[in-house]
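Okay, so chain A shows up in both of these, paired with chain B first and chain C after.
Here is the complex of A and B:
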């Protein structure tokens, strides 16, 4: 048996991983999530703001990271919509435009009473701006130096939400969803740390260990990878139980079933690999 | 033919036939849209007020097929099939390198680069440079909402000149000219980053590490989890720093502290790797969710 495993074609492992992810996904396996302190800090940051507060939603990711980050972006948007917050969307990634579109569609379709036809007065899409951290440095000091117009080419002075907004320091909360550079780290370095802007982030698993040291002094809270998104969705559902019947509000939770099975498989494979290694060493072939 | 190749070929053929069968018999993989009429008025003050009407199309679920106003969208259906094909073509790399994978990879890279270039042109060159230097022309051509009070900002000639100098690198002679704008960008970026990193990553992180070993609640009881957490942070930071302190030989007590630092580093790398694995599985489940849900309708 061990000899067969020694020469096992790696494609069987790919197939096993495919099945470990696909079967729970097709069966719709979900598990209850217990919300961690870190996720509750993010939830409370949005929830404790008075209704109708101003929130910047910086969505710095592209379709390549959509599988991991879209549930977070949707959860942030949904939570802000439930609180009727005014939302300023922006992105530092060229491919971030369609990602913003998904969130604005969510506002218009799922919360029409607050957001349908309220572009400019309840939400605004500032779109993409090139310049990475240079843009952040500008928007925290003088928004209109970087953004003259919104994504549709309308002057910011003609939009009710941005007319009197001098800079991002005036908003009540900054939510950033990030897949890398430029993203969460830059928002901390040039936004939240020097100007004390209350900031919460959602980031990929790869970024999470880099961002952890900033909590809680420079960051209020963080949603780390799909697990963070699922916990945040659970926290929102706990507070707004009517969302329990809405499958779109459980995108992250839906992805945790495959995560569990795939992790069990991976742990098993690591253990098996070690058994083979020690067996080979005992045989003197390693 | 090798036995493993035969098995894998059969698996691939079986998978492909299953996908076709699902599509043929379940009538899935079609996109339906609902027409949404839009009305707008001209925003130019000098123009005679005109009302413009057009339609946008909102994607709806297949359950709404046949309802009034809902129609089949050929372009979006094609888009769905192309996306599914590209996903499967990229996955085919797991079987082995093949022309289909290479073709899809090249398409992805090309489309991404082109998309970023077009977006940057319209949001930067047009909106941020052209409109700042020549607001009148910008108003007449691409950006009718620019206010008439806006004057030319000649400061923007500096980035324009620097950009042209940067492009000099492509010229057959005088490529050294491109070094001047590069030197400016590197210097400016280094200056901006230095201050921010000092503030957030150096001073800020020292502040974050100054914490009590033992934490008591307001009523005087010991918060042992918080105390343990703080202790781990302080011991971890100190031991890792000792490990990277090479001015003294790692012997005696220092050797044991630096070894503890290695353990902390190993745990950190393990956590990073685990997070990365979680991220990759999330991406895989995202694509499979697209294939099963949006395309196959399972």
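Here is the complex of A and C:
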């Protein structure tokens, strides 16, 4: 048996991983999530703002990371919509435009009473600007030096939400969802930390250890990977139970099923690999 | 001269930006410098495109192995560039209906949107998703307890992998919140896998990352000073004057 495993074709492992992800996804397996203190800090940062506060939503990711980050972006957007916040969307990634579109579609379709036809007065899409941290440095000091128009080409002085906005130090909260550079770290270094802008982030699992040192002084809280998104969704559902019937509000929770089975498979593979290793060592072939 | 002017621009811009943190009068200058930087960053896309063209054309003309892929890259590049610049399938914006090109190039239903949604998006997501397969294969073949360090790493990986899912709750959630006999204040529930996972993140990962971050910051500060003072000129390319 061990000899067969020793020469196991890796395509069997690929098949096992495929099934580990596909079966729970198809079956719609979900598990209860207990919200951690860090996620509750994010939830409270949005929840405790007075209704109709101003929130910047910086979505710095692309389709490659959408599987991990879109549930966070949607949860942030949904939570802000429930609080009727005014939202300023922007991105530092060229591929971020369509990611913003998904969030603005959510606003218009799921919360039409607050946002349908309210472009410019309840939300605005500033779109992409090149310059990475250079853009951040400008928008925190002088927004209109970096963005003179929104994504539709309308001058910011003609948009009610941006007309009197000098810079984003004037907003009540900065939410960033990021897949890497430029992203959360740059927002903290050049935006939130020097100017004390309350900031919450959602990031990939790989980025989470890099961002941990900034909590709680420079960052109010962080959603790390799909687990963070699932916990945040659970926190929102606990506060707004009517969302329990909305499958779109549980995208992160739904993705924890495949994650659980994939993690268990990985542990099984690591254990099996080590059994083979020690057996080989005993045989003197390792 | 060819090197002196860039050195001068770097030094002045760098010191102005440092000054913005301490001298309020420098803030406007700093903002102007950043506006220029952002403009240059936009032009870098053109340089990037030019470089891509050069590299792929070289591959094709030399008939290097895999030159067909270079041809596909170029065809995709030109098609995307054309539909984006020409705004193929984009309707004029509602605000400026008299201008045919006033619509947004990524507008839903446009050719660029179609390319993004149905080609770039699935390809990009698929490439990233393939990682799961390679990680599982690597976990089976390479993650071995060969020495003490590797064994510790392996144990921590197992705790975090389980602790970050419901498996951790399921496996250890039954541990009672009662003190372990003979211990001072340690309870059985302290060994919940999610709790252990959190301890690893809070008490080991965070201080470790703090130390690394501070080290990097000090390194960046000293390297930046060397660049601003003209000691390090490697960013200007070869030392030989053209």
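In the analysis below, the second predicted complex is superposed on the first by the 286 of 286 C-alpha atoms of A that agree within 3 Å, B and C clash if a C-alpha of one lies under 4 Å from a C-alpha of the other, contacts with A are read in each partner's own complex, and residues count from 1 in each chain.
Methods note: a residue touches a chain if its C-beta (ideal position, glycine included) is under 8 Å from a C-beta of that chain, and two chains touch if they have at least 3 such contacts.
From a predicted model like this one, the values you see are computed outputs, not experimental measurements.
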Which of chain B and chain C A:204 touches, first, second, both or neither: first
First, second, both or neither for A:217, with chain B first and chain C second: first
First, second, both or neither for A:112, with chain B first and chain C second: neither
Contacts of A:247 with chain B and chain C, given as first, second, both or neither: neither
Chain B versus chain C as contact partner of A:28, first or second or both or neither: neither
Touched partner set for A:155, first chain B, second chain C, both or neither: first
Which superposed partner A:262 touches (first chain B, second chain C, both, neither): both
Partner chain(s) touched by A:138 [first = chain B, second = chain C, both, neither]: second
Partner chain in contact with A:67 - chain B first, chain C second, else both or neither: both
Doubly contacted chain A residues - partners chain C and chain B: 14, 17-18, 21, 62, 64-67, 95, 97, 129-130, 134, 137, 153-154, 194, 208-209, 213, 225, 227, 259, 262-263, 266
Of chain B, residues touching chain A in the complex: 4, 8, 11, 43, 58, 94-95, 112, 115-116, 119-120, 123-124, 127-128, 131-132, 142-147, 192-193, 196-197, 199-201, 204-205, 207-208, 268, 271-272, 274-279, 281-289, 292, 298
Of chain C, residues touching chain A in the complex: 21, 27, 30-31, 34-35, 37-38, 41-42, 44-45, 93, 95-96, 102, 104, 106, 108, 113, 116-117, 120-122, 124-125, 127-129, 132-133, 135-137, 139-146, 154, 157-158, 161-162, 164-167, 169, 194, 198, 201-202, 205-206, 209-210, 213
Residue ranges of chain A touching chain C (in the complex, touch as defined): 8, 10, 13-14, 16-18, 21, 31-34, 36, 62-67, 95, 97-98, 101, 129-132, 134-135, 137-138, 141-142, 145-146, 151-154, 194, 208-210, 212-213, 225, 227, 256, 259-260, 262-267, 269-270, 272-274, 277
Chain B-facing residues of chain A, complex: 9, 11, 14-15, 17-18, 21-22, 25-26, 62, 64-68, 70, 94-95, 97, 109, 127-130, 133-134, 137, 148-149, 153-155, 157-158, 188-190, 193-194, 204-206, 208-209, 213-214, 217-218, 224-227, 254-255, 258-259, 262-263, 266
